[in-house]
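These are the structures, in structure tokens.
The same subunit A turns up in both complexes below, where it pairs with subunit B and then with subunit C.
Up next, the complex of A and B:
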């Protein structure tokens, strides 16, 4: 059975699924991702931190919406490993 | 006419506390606005009244022009002080204040608009006989045009967005290939960030010093300078330490710089306080860089050497009072240094939000302009600067010694800070000699960190 891997945000901040307001999302739910792919971005004190996949698999679901406020350690998505 | 009864402060943190302090002294009531993330911040309880302006994100709170205007009307504020950052250099906000008969404490919308365009500012300064960095004075439309200009000026060059700022919309190019590679993207980025795709080319000045001049101008044509501030200790285009006077200037060069700043300000009929930024090259040539049409973060060093209260001057000028001091009456006394305390990793400069679990500050002979107190949260939503430490000495050496002692006595826990970096800069020989450029931190990285 495929392993599920939860993606956490190590830092608090504002969550973004797109690199810029007029751009497409980094990853759609159901897309295949590879280790190192950027999944989302967190804005913390005018700095941007990229959240990257730490495993290969399918990004099954995001738990937070674009522009939601995150706590440190919050679960943001789940990847089903392949 | 007459002075204000109530001022709304469209800002947060240390600068909101700073403005409240002067308003209290002047007997002016204050209105603080705060986001949901700032409800417990010290400035909120220090204001006469406080109104929540919206959610944590700045664009939904502090940057929401209509909400600020609405709260100003509801609380019957006569005037709005914008502080720095946020709406302080937004001509649209100034126009809305004017429409609602609320005094904006700062220059006119038109002036902010002119100085917000780097190209327009270059044109105006040249008219005033103020040197600007060699470059183009009109918008560059195509790569071909850019290449012709570039070969005329000679590399290295900076490709800049006219509406850019804060290090965004600037690209260093060393040759034709690099210029071709970045031209379209820079123009595109300028359009999407600043809604203005105007770009131009300037000579790149390596190893520059960043020295700025504080000016004050009333609405009756009186323009004064309050000397210079040396701001060359920077990391990623952000200032870390400022001092006045600049250890780099001799009296002749200082006079030349101050005269240029005054000529530039008169050219645009500037009013209120403002800062003319210049860069110096290795041969002591200086060039106008840009103007900040607002109060600066580092204004306290100027207050320390002149004994003047810049916020008080801002309020009085905005209330159409005449300046009662003359240039001859303004003296600089001794030497002042400011260190900016950032909640960030001192090695990577990455921000470090958290709760200030401990804050011990020495009491004597030092000024602290802090946004936080022990127990405050440093939230992830705003600037990482949590406070400023300012000392004044009879000489530069004495000011450095004082700062060394003060920094040693500070204890801040709960978030990572750059305190250790500040201590090491104060003990760095190059800094102590006063011979440093904007490359100082990058060049001294290992030395500073291993100290």
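Up next, the complex of A and C:
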């Protein structure tokens, strides 16, 4: 059976699924991702931190909405490993 | 040398601060949580003003290229040497080739990494602290980047036994809801009585704009007393004739989102400062994260001085514990 890997945000901040407001999302739910792919971005202290996939698989679901405020360690998505 | 493999989110070199230039507009910079900063330096036998790494939210990955004694103190960002967890608030030994990394932040916002001898960078206006807004001090005036190589200095005074620990009762615990003590003034007369009451009776949430310069809070709008605009003051009701801003002072531009000015903030300006965080609680402020809550509590100057006395007692106890161990038992 496929393993599920939860993606966490290491830092608090504003969650973004797009690299810029007029761009498309990094990843759509259901898309295949590879280790190192950027999944989302978190903004804090005027820094932008890219959240990257740490496993290969299918990004099954995001648990947070674009521009939501995150806590450090919050679960943001789940990847089903392949 | 220490090689930076990954810099973390914002890692800067800081010492006690660039003290004595405030009147010419130079903020002190320096470690934001001085208590944890002091603990880290003490545990490696450094001189009290030695430069350390201030790590915020997310730790760096560092490769040590020489054997050295280190200590990590502050909020809880669990450190690992070669992927094995190691304690904070304790004197540790690293060998050449060891890699120091950190787990996700568990509590607090900042940790301090001291190495015996201190981080060696040029003194700028008598300090090694990084002031990023001006691009001076620390490592080329900026946060660390991958591939930087940090030199270790000779700011150590004593040899501390590996395994020396700060006892639990002297280790601060950080929370997601915090009381921060303030002394009311200098321009609190500008707020309406109602707004003054509201300021002290609601929970303020730290926004994403919270860094070494200042912390911005979300809560509710505050209102100012109507007045005729004085000569030299801006037209907004939150403006006054320019004044020096105390470190830790809180202003409310336009009545929305109070800002606490911290170590890297502008030293003066024309916003009414309604209160000032007492010096001992600046350490606590530095450990509060975006999204966490703050309730401000008004104290008078005597209570502030009493708090400072207790704080100094704690530092002295810490010194006794650590320096009392010299030549003592090696707990490692």
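Convention: the second predicted complex is superposed on the first by the 82 of 82 C-alpha atoms of A that agree within 3 Å, B and C clash if a C-alpha of one lies under 4 Å from a C-alpha of the other, contacts with A are read in each partner's own complex, and residues count from 1 in each chain.
By definition in this document, contacts are C-beta pairs under 8 Å (C-beta built on N, C-alpha and C of every residue); 3 or more make two chains touch, one makes a residue touch a chain.
On a predicted model such as this, the values are computed, not experimentally measured, just so you know.
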| item | value |
| --- | --- |
| Contacts of A:46 with subunit B and subunit C, given as first, second, both or neither | both |
| Contacts of A:67 with subunit B and subunit C, given as first, second, both or neither | first |
| Touched partner set for A:20, first subunit B, second subunit C, both or neither | first |
| Contacts of A:11 with subunit B and subunit C, given as first, second, both or neither | both |
| Doubly contacted residues of subunit A, that is, touched by subunit B and again by subunit C | 11-14, 43-47, 49, 69 |
| Complex contact set, residues of subunit B against subunit A | 56-57, 192, 343-344, 350-351, 353, 379-384 |
| In the complex with subunit C, residue positions of subunit A that touch it | 8, 10-14, 43-47, 49, 69-73 |
| In the complex with subunit A, residue positions of subunit C that touch it | 9-10, 56-58, 104-106, 208-211, 289-291 |
| Of all residues in subunit A, those that touch subunit B in their complex | 11-14, 20, 22, 43-47, 49, 67, 69 |
